[in-house]
Structure formats: C-alpha cells, structure tokens
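Across the two complexes that follow, chain A remains constant while its partner is chain B and subsequently chain C.
On to the complex of A and B.
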C-alpha cells in the first residue's frame, strides 16, 4: 500500500478540516490531561503518603488495632485507647535490641492543632520521605520546660514568629474553654515544611506537658494549685505515662521478634505495629476511591473518543466525492479506509502532546501555590512507565475506534461504481 | 435494450486494441432486469462517443470498463489484459496505471492544491510516474499551462476555482503520465457552450498527442462529430 501517500493525504485532510476538528481535539486533550493528571497525582500522593514516616521500625502504644494506633500517633486523628506506663517506657530504653526511642504524649491542643510532647530524640531520629530528617526553618529546638516548636503549617496558618508566647488548651478541639492560662509557652523554633502531618502539630517537652498539668488532676484547673513558669525553676518533672513511642532497632532483623514480644507483654497490654505495613493497609482502604476515580476518567476519555468517531462519521458524508475521485484515480479500498485510522491516531497523538504540555504547564504553575497553601509538595518529574503506558492507550484506542469509519468506508467503496457517491 | 453502432473511420488499423468489450451484462440486484451493453472495439489512439439518455446505463458501463465493478457476463479487455482475471487490488492498480477519469463535477480532492491534484496519479502509479517527463511537477505545470489555468491558481485551494477551471484541472490529472485510456463521464454538462467546445478541443488535442483513447459519455449528440466511433445506448423499453 502507498503508506507515504496515505499519510500525506490524511494529514492534508486533517488540516483542511481543522476548524471542525479543533473542538474535537480540544475535548480529547482535556480528557487525556485529566486521565494523565489523575494517574500522576495518584503516584505522587501515594508516594508522599506511604513515606509519611520512615526509618521507624515499630510504633508501640496501648493495645488496639494497628490502624487506630497509626492514625492517632502518625496522623493525629482520633484518640488513644490508653496510655503506656512510664516504667514500661523505661524498660524499653534498657532493651539491648533497641537503638533509639521517641516518646510521644498526646492529649492537648493549640487552636485545633495537636500538641505533641516528645524529647530531643524527635529531631535526631524521626525521618520521613526518603529518610529525610525534620529540620528547623527558624530558631532552635526546645531546651526549656515552657518552650514550644511549631510545625510549618501551624506557623503559616496562624502567622507566628519565634519569640511569641502562646497559650495551649486542655484537651482537643478548635475552641477549648479550658486553657493553660498560667503556663504560657514561648516559641523557640519553626519546622520546615514536610508535606506530612508533622506540619500540623506543635511540639513541647514531656516535662512541659507534666508542668502545665500540675493542679489539673481533676480535669479542670484548681485555682492556686497550678504552677507558673517562675515556680517551676529547679523542679524536675517525670511523666507517669506517655501515649506511644516510635522505636528504632539496632538491626531490622529483630523487628518481628520484638513485635511479638511486645504484643505478648505480660506486664502491660501493648501493641507494636510496623508503620510501613499499617500505611499500606490504610492506603488500600483509601486506594479504592482513587481507583474508582481513575476508572471514571478512563470513561471520560472513551466518551471523547466516541465523540471523535461521531464527528468523523458525520464528515464521511462530505468526503464521498473525494473518495470517488481517489478510487477512480486508482486508490485501493484499503488506502481509502486507512485514511480514517491515520486521521484518528494523528488526532489522538496531537491531543496527547497537548495534554502533556497542559499538564506540565499546570504543574509548574500550581506547584508553588500548593506547597504554600496546603503543604502538598508536587514536583515535575519524567513520566514513569505506567503513565507512558496509560498515555499510549489513547492513540491505540483511537486506532481501534478509527476502524469503525474505516470499515464502513471500505465496505461501501468495495461495491461502488465509478464516480458513485451514495450508499 | 437497443443499441446502434456507427463507425466513421476504418477501425482496422494494424495497432493493438486499446479496449475491447464483449457481451457485457450487469445486474444491480437479482430482482432487476439484466442490463446488456453493445460490444466495443476501440483501437489505440481512437476516440469513442457514448451517447445515451439518463438511465440508459452509461455510468454502469463506465464502471465496468474501469474495473470498479465486475460484469455478470462478458469480458472487458484493455491493452490485451482481461480485467475479470485480475483481483480487486490488481484492478485498482491497473486503473491507476492505464486509465484517467474525468467526472461531471466534484472532480478534485478538496484539500489538495491544483498542482497536487494533477500529480496524484503519479503518486498512485509507478507506471504513470515513469511516463511523466521530466518530473511530475514540471509535467503538471506544463499541462495546466496548456489547459489555460493561470499560474497564480496552481497552489490555490481548488474549491475556490470556477467549474470550468476545475474540469480542466481534472483533464490535466487524467492526462498526466500518458494513460492509454481516458474515461470522461459527462465532463462538459456543467459548462456553457463556449467552455464546452474549448474543453473538448483541448482534451482531444492533448489526448491525440499522447496517443490516448478517449471514451466520452454524453447525452449531447452534437458533440459526436469530434469522435471516430459513436455508440448509442438506448433507454430501457
């Protein structure tokens, strides 16, 4: 067959009909952009989600399900079922298999953001993403009982600077009526944005957590019994209990051994979870939704392709004369039919290229805004093989749907006489 | 169906026959009567005028002669090749190599320029390409010049040209690469009298120079004086 002639005729024909086809091409471009964009975001969100926490081998808390433990320790969603005793934590500190421990104590809030009481192991050992540490954007980590470090999201949202004083609230919730008025905390530092729940919390020392709760044993402040920063000088505070602990092991081989030992602990009912496994399970739950979304987008693309074929079939009536001329000049039925397939695929390819340009442009434009306003870190990266494959299905599908008008033309021209144009 | 054949010149030339049709019959559907066509014998370089009223089967006969449709009986030979023996793909190639076609109207591919329309046969047929001297573009320009298409129209969108110009461009396309046979299906019916005679003179003059046989279909008997052979297709009784 005359391949070169077929291509040059198909392209000339597309150019001739560009006014009608621009709209079809635009529809297809938008739907392909949507398909590609959702697949791209899926990969990015999954990547950022499953690396919310890394480097931590186990998370230990009171006995509960692994999703619950993961949700309240890592995502600060929901509440702990129970605390773990300080003595249990101390025994863990003495365990030879354990390299480091980050204690976590939850319960209070600051204007809707969780207060996380921890110690200096947090900046030293906590990792997210590709083993990235949490760095300070400004100031320094807390060194005193009434020092507080803010996550990037909290500082951005509330416009705080280091040196300012804040009042923490008792319990959770955005508007709490019982505030720790007597014990203001001074902001010493602000963390860098991480795109993880770390940004949405404020960090104080375990001692600070204890100190501000002196006099609150009954759940409300008893006047005269609470402390003031001046009174705490020279005092030491040891917590009775903490909420959970992140555990780093000396050797990852020991992970399952220690997990079993902790889960069967006789002294206190504990649960130890592998954060990676728990994150995957959580993603599987939410993954159904994003799969459905991708499926819907697939249908959008199919709808656009059907629209494309509808337009091409309508144009067929206008093309009867030129097909009669081509046939009379000696073009085979195959060549005439192949024009439809080539035109379909060419339109799909143009749409894919435009969609890539639209996607890249949108991403470069929107990424800084997303990071500033939502702490979502999206970067422009080359497409991965799955995304290329998804993109390649568009011209492939176009070739398939192009067979419809091609077959119709082939069947009709096969029985048509010289110069005939009708059915 | 009745038919009359007049032969004005002696067909008994020594040269081979351009076209020979015997006992042609065609049926559009099993329930319709069989159309029967008179036998044709056209020596190389001689022209045939096919005259008949609407519905007399002129277009059907051209479809059979061009190999676009297969007859239910009889045979068509062009330059000694029997069309029915060729497969449909081979018939398409044969048509591209040896036959130029001009329709009544809508002769041009709308998205090609006048020049590209004329060179189209050279891109479909190696034979036509090889017979085009010195190259398709120059040959097409020469033909367009001879057919009085102004040079500034050569690269123009063909749909903006007048019907007369479109028909002359179609004639150039039929003539390029010197095919042995030119089938013309009422090519002058959309033209006024002046244009019609000019068109016919140009077409037959250029065909004579290239030794091509023109098979010209028209209902207008007054044109028949330009042709050596005349066949009248009678309307169905």
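On to the complex of A and C.
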C-alpha cells in the first residue's frame, strides 16, 4: 500500500513539473541514444568488417606485412609491394593440401573503382558474411576476354546496365589520362549488394587484364601495337604474374602448416596470411579508438545524470510546501525521500524507452545511406545482453544519484522536527 | 566519397602495416613473448607453440648445472604430456608431441657430431635458444566450444604475453593473453 502510494505521489509530482523535467528527460534521452548507438555501431561495424571475407583459409601474396596484404587484397586500400609469379601460382595449384585457389590481379581502375582480374573460381568459391556466395543481381559472369562484371555500388553510383561498354583506365587513381581505349569492355553482369568492398570493384578475367596491356610499355600504349577485341579472337593470354591468391584448404588443420611452408618458401619470397587473424589484428588496433569513443559517451551520460540531480536539488526549494503538506498528512520521512529516487528512476526509464525508439528510427532511416555511402551494412536487430546491461546501468545510476536529493530531503524533514512518532 | 568508406576508416592502419621479415632473416626473439597457434578439424587439434627458451627455463645458455638439466627435462616432459590448449572440461588428450629446443646446448651437441662445420646452424653466436612444440590433440566437444583454456600463461612465470591465433571450420581469429589469463574466447 505504501509502495503504491509512493509511486502515485511520485508520478503526480513528475506530472506537476513536466515542463522542466521534459527538458531534463530530453537531455538524458539524447545521451542514452548516443551511448546505445555507439555500442550498437561498435558491434555492427565489427561484424561488418569481420564478414568481409569468409571461408578463405589463407591469402598468399608477395612478401609483406599481414595488414598490408589484407588491406590491398580484401579492402582494396593501398597497393601491392610486389606481385607473385604465375609459375608460383601454378605450383600452388598442384599442392595436394589446397582445395581451391582464386587468383587476384590488381593495378587498373575504372573511374576510381578498383579493377580486379580473376577467374571462374571467384564466383564459385569466394564467400563473405556467413558463408554467403557472391550472386549476380543481373546478367551473367564474364565468359569472354572483354567482358566485365560490376559490383553493386559501382553500377548504382555510375548508373550502368548490362550491355553497356566501358573503358578501363591504366593504373589506380580516380582520374586517369591513360585509358585502354582500344579495348572497351562490355558489361555482362551486376552483382548483388554485399555490404563489403566487393560492391566497390569491377571484375574482369585474367585474360582480359593481359589482353588490354598488350602493346603497353612503361604505362603508355605504343600506337599500332595494342590489340582490338577483333584481333584477340583465337589468341590465348597467360599472365606472367598476379597480385595475390585466395586459398581454400582441404582441411583447416593444414592452415598453419601451409602458412609456414609458404612463408619460408625458397623459390619466391611469399607471405601467407590468415584473413580472420589479420582482421582480428586490424580490429584490435581499431578497438582502441572505439573504446575511447564509448568511454566519452559514458561520460556524456554521467553528465546528464548529474544535470538531473542538479535540477532535482534546485526544485527541492520549490517543493518545500508540497513536502510540508505530505508530512502534515502523515507521510513518513522515508516516503518523502523515496519520492526522489522513484522520480529519478522513472525519468531514466522513460529516457531509455525513448532512446530505444529514437535509435530504432534513426537506424531504419540511416542504414540504407550507410550501405550506399560507406559500404557498412547495419541491420535492425534485438539488443544483445551487453547492450541490455549497458541500458540497465542508466536507471541503476539514476537510482544511485537520486539518493542525493533523497538524503537531503530526509535530513531536512527530520531537522524540521517532523520525525516519525517514537523517534 | 562513397567508395572510400572503408578506406577512410582504415587508411591510418595501412601506414602501420609493416613489412614482414624475409625468409632468410632470423626469426624475432623477444623475451616475455610467445606465440601459440592451433587449428581445429572435428575433434582433432593441431597445436604449435614457439617461445624463447628464457620464458620456459629462465636461461638461454647451454645447460651448466644439474638444476638446469633437471629444469630442461621437466620442461620437455611437461610439453610432451600436457595439452597446450584444452576445453574448459579438460577433454583434450595428447596424441603426439614433438618438442624442439634449439640453441647453444643443441649446437654444442651437434657440433660434436659434425666437427669442422661451423656454419651448420643459423643461431650460431646469437646466444639465443627457443622452444618449438608441435602437438596433435584429440578433444571431444572442441567443435562446440566457445572458450578454450591454455595452461601456458600460468605455467610459464616469465611469459608476459602470449599471442594466440586459431583456425578451424568455426572461424579464424587471434587474441593476446596476458600473464595468468587462460581463456581464449573463440568468438572475439
């Protein structure tokens, strides 16, 4: 009965001062939204990063650091220090421990998007996320030397459709004056959006990469020596070198054994990295930033709670009359003090609920924009236990800070000589 | 702007990505630091542990006293019989174990067999020695485990941090354990 009375009194009191407290509640809502949003983004961006590649046991490239190799082969950031010989790739193809290999050859671009030369093993074996294959949204994979398949982001940004012709550029960079104008590529397919760097690349065959570089020397086309699509009919093209290869093993147990063998290769200096391990290292480095961000957000919430206490303490002076009436009608000091704690917790709970609604609304609105602009795939999902725990700390902290005005009120009512009977 | 989303986030890291050592270079040797790798396939686990001998024995010179001989023997016995990675229920058993201790003591030993060949070993004159342990384990239930335990960080007093990496059907990953941290969370 007493508890019910305390709740009804606290709610009535909150309603009475709703104008001031609405602002406090809004501040707290924004702080909690920020805290929850940062934690949510932390989890989702990590998931998005670690889902960039899956099912690939090793990535083999020229001798380099594991992050460098991961960044230029998977994220298309930076450039390869060296290539690996085609003969080395062929030797890997004969290795009994290896199940499949996806060759990757980089170096050219299309309006700033990376051109990735590969073979039919890419659509067959490359996986991302939870072992999801790369599917075509439209058209088909390349079956000719001058066929090209576009990532979803490239097609969307540049508004391309299957059947159109594109001119690829020599080298990286967004603007290039060296274009492979004699060898236009025809778009045969557009990939489904994956939310990974796959969306931001253009895929051609290894033969296509070789063919468009015939007659090029030192990055310049020698007039009359380049090929045209007609001239390439019946010709075969074998690369001298590739940038890297994705490796799938027959058994994961062989991973470290093969990695060691490749890293100690006497024929050619190679680096074999475990993409999952490299991603973990990458996240470990980035994790420091996101932890700092979460810490700052925590302080924002604490500041809001301090603001809440300041408001409640300020309002105490205005509540002298209300408290006197309560005491005169028989309310105990404990009951009067508990009103502050209940009010704090109620405000925090309302803020948490509002923060959840704001977060869900923002995420629904922002997720497509994030996918389009940053390739980060965020989905609306139930909160995980960590996020629930983080959310629960807000009313818990509010209850704690509510003890301050509660104690002040309890002390004041006692010194006013309105203590309970028998005290 | 759009295509550079990942690039913006990761650009600073590309600057941190250093070059690896060439195959001809001697391996890094850092006291207090060791590496543990394991690969899981069904119930079978292949483990490789590489550590400077200092972390294990407290010295890297050749064995000089009976106490040092005993310490080396105890270390060899422990590596031969203790699973270096285990399930929380302790279901792992060692099927096979190879313990290699390379360093001054072995050089001296082998020099006696190969007299006159002064350039037989890479580590000649470096004064460093290292342990390399390769184990094959059988671990019922390991494929469903989300946490595994290593006894290395509590057993080896001088080990300050242990870099752990794993591969398996479940995923690949890596973590760093500090001294006395035993749990390897496979989900991270």
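By definition in this document, the second predicted complex is superposed on the first by the 406 of 423 C-alpha atoms of A that agree within 3 Å, B and C clash if a C-alpha of one lies under 4 Å from a C-alpha of the other, contacts with A are read in each partner's own complex, and residues count from 1 in each chain.
Note that a contact is a pair of C-beta atoms (placed from the backbone, for glycine too) under 8 Å apart; a residue touches a chain by one contact, two chains touch by 3 or more.
A quick note: this is a predicted structure, and the numbers were derived from the prediction, not measured.
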{"item": "Clash or fit, chain B versus chain C on superposed chain A", "value": "fit"}
{"item": "Chain A residues touched by each partner, larger count belonging to chain B or chain C", "value": "C"}
{"item": "First (chain B), second (chain C), both or neither touched by A:238", "value": "neither"}
{"item": "Touched partner set for A:96, first chain B, second chain C, both or neither", "value": "neither"}
{"item": "Which of chain B and chain C A:12 touches, first, second, both or neither", "value": "first"}
{"item": "Vertex chain A angle, Cα centres of chain C and chain B, expressed to the nearest 10 degrees", "value": "110"}
{"item": "Touching partner for A:330 - first (chain B), second (chain C), both, neither", "value": "first"}
{"item": "First, second, both or neither for A:276, with chain B first and chain C second", "value": "second"}
{"item": "First, second, both or neither for A:135, with chain B first and chain C second", "value": "neither"}
{"item": "Where chain B and chain C come nearest after superposition, their Cα distance in Å", "value": "51"}
{"item": "Contact footprint of chain C on chain A as seen in their complex", "value": "54, 57, 63-68, 71, 75-78, 81, 112-113, 153-154, 157, 197, 200, 251-257, 263-266, 269, 271, 274-277, 279-282, 284-286, 372-376"}
{"item": "Chain A residues touching chain B - in the complex, by the definition given at the top", "value": "2, 5, 9, 12-13, 15-17, 321-322, 324-334, 414-421"}
{"item": "Chain C residues within the chain A interface of the complex", "value": "1-3, 5-11, 13-14, 16-20, 22-23, 37-41, 44-46, 48, 165, 167-169, 171-176, 188"}
{"item": "Chain A-facing residues of chain B, complex", "value": "59-60, 62-63, 66, 68-69, 88-89, 92-97, 99, 101, 103-104, 106-112, 116, 120-121, 123-125, 173, 183, 185"}
